[in-house]
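All chains are identified by letter, namely A, B, C and D, in their written order; residue positions are counted from 1 within each chain.
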Amino acid sequence: MDSKQFLSELYRQLYTIRVFETRCIKLYRQGLIRGYFHPYLGEEAIAVGVCAALEKRDYIISTHRGHGHCIAWGAELKRMVAELLGKETGYCGGRGGSMHIAQIDSGNLGANGIVGAGIPIGVGAALGSSIRGDDQVTAVFFSDGAANNGVFPEAMNLAAIWDLPVILVLENNHYAVTTPIEQVCRTRDLCERSKGYGVESFTLDGNDVLEVYERTKAAAEQCRQGKGPVLMECKTYRQMGHHVNDPGTYMPKDRLEYYLAKDPVKIGRKYLAEKGDATEEEIARVESDVETLLEEAVQFAKDSNEPDLQKFLEEVGSCQ
Amino acid sequence: MDSKQFLSELYRQLYTIRVFETRCIKLYRQGLIRGYFHPYLGEEAIAVGVCAALEKRDYIISTHRGHGHCIAWGAELKRMVAELLGKETGYCGGRGGSMHIAQIDSGNLGANGIVGAGIPIGVGAALGSSIRGDDQVTAVFFSDGAANNGVFPEAMNLAAIWDLPVILVLENNHYAVTTPIEQVCRTRDLCERSKGYGVESFTLDGNDVLEVYERTKAAAEQCRQGKGPVLMECKTYRQMGHHVNDPGTYMPKDRLEYYLAKDPVKIGRKYLAEKGDATEEEIARVESDVETLLEEAVQFAKDSNEPDLQKFLEEVGSCQ
Amino acid sequence: MPVNDTSTATVATNGREIMYREALNEALREEMSRDPAVFCIGVGIGDRGGSYRVTVGLLEQFGRKRVIDTPISEASFTGVGVGAAITGMRPVVEILFIDFSMLALDQIINQAAKYRFMTAGEGRVPMVLRTQGGAGGALAAQHSQSLEAIYYHIPGLKVVMPSTPYDAKGLLKAAIRDDGPVIFLEHKLLYMTKGPVPQQEYLVELGEAEVKRSGNDVTLIAWSNMVLRSLSAAEKLAEEGIDVEVIDLRTLVPLDANTVLESVRKTEHVVIVQEAVRRGGVASDIASMIQQEAFDYLDAPIKICAGKNTPIPFNLRLEAACVPQEQDIIQAVKNALRHQQRRVPPP
Amino acid sequence: MPVNDTSTATVATNGREIMYREALNEALREEMSRDPAVFCIGVGIGDRGGSYRVTVGLLEQFGRKRVIDTPISEASFTGVGVGAAITGMRPVVEILFIDFSMLALDQIINQAAKYRFMTAGEGRVPMVLRTQGGAGGALAAQHSQSLEAIYYHIPGLKVVMPSTPYDAKGLLKAAIRDDGPVIFLEHKLLYMTKGPVPQQEYLVELGEAEVKRSGNDVTLIAWSNMVLRSLSAAEKLAEEGIDVEVIDLRTLVPLDANTVLESVRKTEHVVIVQEAVRRGGVASDIASMIQQEAFDYLDAPIKICAGKNTPIPFNLRLEAACVPQEQDIIQAVKNALRHQQRRVPPP
């Protein structure tokens, strides 16, 4: 893949997540999406950079803030929107919703409503690969809040002692809901927590898609060499509150503006223009293609049927 | 307390635990003690050193290998033996047994059958002190295996962010049942796990009662100054298998001999003789006093009644 | 001296109506003011005032020492509650969703529930674990469970599930004063419901059910949000001439078997309504108790109207189909009464 | 082709008797040999061969990749099992004591049990969680619990509790082949019990109860260790002229309601024996099901003979008093029959 095409692809992904979230937030406000919706706005470069550095045969496991991971991993927008709308055509037939989207056949093992719970599950996927002797890597996404669930160190240790091919992608967006990371952690960098387990770790700029990509590439290489897990702490920031309905007033303005200036989508656009030598027109075409696709997806989802109640009740009735 | 008296007291404790465990193992083999019995032989200096450095108002919390902690904290031998024999006069009226001995009124919050579970409970005791503004320290005993239960890092973090007066006493005896620590941990020292939480930690010779005492004194001082928790990794070794019935054949002979040569009771005796200027006769008196007390305790326990079945059933019946 | 009574009627409310969540907030404020040993701990309870705004304003009033925001470490901060309780405090631990309490069950089941017993009564764990369950609002499988049966089965735990603001306040105050441990289960759909709550202090004792509607034809037993649905079903049934007695258990442990049995002996027909799935639920246990204690009074099998045997789906229509609705309750009552007719010989 | 049958009689055993733990060991060996996706993981299962020696020799035969000793990290290694299962493996996770499984319930209840449902059937968790419960040998409150009711209540989990070496082997093999997740509950007092187990391969299907003794006077329902005690109680009762039918449920989920109801319709009297505490136990649920489905056949209340409502004490005499003993079962059967006599008009 030549650099321009590659950068264009990265940008397409970044832009897709951005407009997907923005559009779906609208659908939420219109009452078409219900339940929980945790936007990934501002963190796009992590999902895109990580997924671009992995192979099709690899696994990812996601979180409650998971739309970006799904899209970067190649999910179809129409089945994504349909799931958020609770439709039969969604990835989980309307059973899962935003917090449980999965695309198992592709290796996306799914989002999770329990903060931190995906970490051991991801390590388990890697254990399976290791037992089978398959050359697969598992990337586990989680954020700073999840790093306080005991399963993070526990599962990291398991990956370490068994030299499992796991990339622990800590998306440090500095908040767990309204709780700032400084309030629940004495150290500056969460990645220091890996040292006591003999696991390599580092921080990186989570808003820079190329940095994320490069570091993931290297980490995946190490994993495939059988050297065990790597913890990457990607520093980032949410561009809005925790949840669609959270105005995020507790986020200091200057911090927010600092990160807005480092907007991952803008950075990706700049890379495409500067490193990829793409013209404004070419970039605009990428963007309009994405927008078209998304509108089709929204239409598809709106037109889709609700899950069939009778069929559902039969399924349930036949279960013990 | 002058040095001789102090060293004599330390030795008395060390020797008490030694003969208590030895004698009770005999009772176990005679079928008088049932259930689980995890001897503390070889680790006596930790309990004795830690407890000697604390104040009466402080708290300790113990483990499944907890007889030594109780004794060093001042438990009455007769109520200890009685509990192991399941008698009405035991500390828990025969309800608890070896794994659940507690002496709450004295500040010993009890042993625990769930490896690691005492750690957050101990942190909670310290939180209570902190809320009340009481000048108390809580010492939490646990071993290397417990350090792999996620509540260890979780609870250590809570103690850290709230600056709680907790001394985490990691009795690294290098085994969890038959699992050698190297098999479940990539690093040499478990105390490194505290670094990622901004918690001070160090290793020390867990067989040297004075070293344990001095380091605990300093740690307690820091705690009382409001600087938060300290993790002390006390290197030690079991002098026999995990459990009374475990021959411990998997323990490499040279390692075992190395530690037998560093026997904590012998070291304590040497301190008393050399630093305390005690004569062989004086030491022998300490020993024979302990032995007498223990025999009385055993007799007391044997003579004690079984818990009253009728009374028990009434208690149970009246509970919802 | 607080009035120690169990029925809404006794304490004059002077028309004051407040929300369930406000009633809980008042209970916490009053108990924290009364007793310096009481403190609150949980995720997002301080600065944020709680996801459902139950703890709003407590931080301002009582400060960070007694209103403690925690990291996402459910197992450990529950254990911290246990340790604080053992040593003389009265913690009110909040776990955001009952689903997340699965992370803390070692501390609840193996530690808190057994401590007093294992120490032959020497130890006490006067802790309240507040959490919240039930389906509603498309929160899907991991945020909608009704898991009271787990706690109900464990000796040493008390389990409280209030349905009204009045009971919520009085029971939470009583729970905080109890020797504990008490599992205090709220329902996400109840927080915004309103009801009369007196200005004057009062307690509702643990272990006392309340007949929320009296009737002669059938005994309907419910708790938490199902009480509201049962009461409105009862009104509909009244229009059809079926006179339903609705018992709100309020406390599942200790269970007020007397109130239940007295009613059953009167009506001879029983429906138990439970949001949780039927298999292994609390309703089954109550049914088994009734058939044992009042076998000769029963004119028909005890009918259980319960949640469907499935995790809760995201889609709202499917979600609604998984939990007893008013119509399901009405149908269950009619079914319970129908059996009798089959046994009566035709004229 | 393994014989797919459910009764000991069908497969010739040629007099071979082995222990329950040996039967489990054979099941693991056979399934691991048959399918490279099967692997075992847990604390002390490899080098040590398991606390109860169920996994002895597996490490030698299958190597460290498939017989994995873990640190004391129950929540995570259970989660690791879930992840491996989702991605095509068939893990057999061992948790030493069911008491410790309280540490792993998020992974079991919120993850494993719901994954298939949440993904609309796309995902599968073919995992077996083996663990062990029950009182015996003065192991006290945190190593003696009977907690099957917790798993029984959760949609998405299957629950198996074999009582004989034959069933243990056949059911474990079936559980490993099942789409799962399956909670496989052994009993510490059963490991050393012996029974006939054929050399030839066989499976025992999940969801089929077995009448272990047929009789006409009363249906006695039990599982796990209580089956053995019930059978010996039945022999004693036979001497007094009371003919007891003993049903071993073997699998609690799916529950074989047909076998139970058929027997109940015949005997019209039911005793359910359960080691767990009564409140909220599985027995209550079965009782509630029977009274619903066979109300008109019952001549007396269903009698539940269950563990006392308390954590298990250390002292052996107290321990024994907390769990149904043969004598308690005999008494329960007599009580169940006595009620009838009260209703029969005197001659």
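One rule holds in what follows: a residue touches a chain if its C-beta (ideal position, glycine included) is under 8 Å from a C-beta of that chain, and two chains touch if they have at least 3 such contacts.
Worth saying up front: this structure is predicted, and the values here are computed from it rather than measured.
Student: Work out which chains are contact partners of both subunit B and subunit D.
Tutor: A chain counts here if it touches both subunit B and subunit D, which gives A, C.
Student: Which chain has its C-alpha centroid farthest away from the centroid of subunit B?
Tutor: Greatest centre separation from subunit B goes to chain A.
Student: Where the centres are mean C-alpha positions, what is the separation of subunit A from subunit B, in Å?
Tutor: So the centroids are 46 Å from each other.
Student: Averaging over Cα atoms per chain, report the distance between subunit A and subunit C in Å.
Tutor: Chain centroid spacing, subunit A to subunit C, equals 37 Å.
Student: Which integer distance in Å separates the CA centroid of subunit A from that of subunit D?
Tutor: Their C-alpha centroids are separated by 41 Å.
Student: Would you kindly tell me how far, in whole Å, the mean C-alpha position of subunit D lies from that of subunit C?
Tutor: So the centre of subunit C lies 31 Å away from the centre of subunit D.
Student: Can you list every residue of subunit C that touches 2 or more other chains, as numbers and ranges?
Tutor: Residue numbers touching two or more other chains: 70-71, 73, 75-76, 99-100, 103, 106, 110, 117-118, 140-142, 155, 253, 279, 309-310, 313.
Student: For subunit B, write out the residues touching at least two other chains, lowest number first.
Tutor: Correct list: 92, 94-96, 100, 112-114, 148-151, 154, 157, 161, 183-185, 319-320.
Student: If you look only at subunit C, which of its residues touch subunit D in the complex?
Tutor: 75, 99-100, 102-103, 105-106, 109-110, 113-114, 117-118, 140-142, 147, 149-150, 152-153, 155-156, 253, 276-277, 279-285, 287-289, 291-293, 295-296, 298, 300-304, 309-311, 313, 339, 343
Student: Which residues of subunit B touch subunit C once you look at their complex with the stated criterion?
Tutor: It is residues 59, 61, 91-96, 100, 102, 104-105, 109-110, 112-114, 117, 119-132, 150-151, 154-155, 157-158, 161-162, 319-320 of subunit B that touch subunit C.
Student: Using the touch definition from the top, list the residues of subunit A that touch subunit C in their complex.
Tutor: Of all residues in subunit A, those touching subunit C are 34-36, 86-87, 92, 94-100, 112-116, 145-146, 148-150, 176-179, 183-185, 250, 306-307, 309, 312-313, 315-317, 319-320.
Student: Report the residues of subunit C in contact with subunit B in the complex, numbered from low to high.
Tutor: Its residues touching subunit B are 36, 39, 65-66, 68, 70-71, 73, 75-89, 91, 106-107, 110-111, 115, 117-123, 155, 158, 207, 253-255.
Student: Considering only the defined contacts, which subunit A positions touch subunit B in the complex?
Tutor: 148-154, 157, 160-161, 183-187, 190, 192-199
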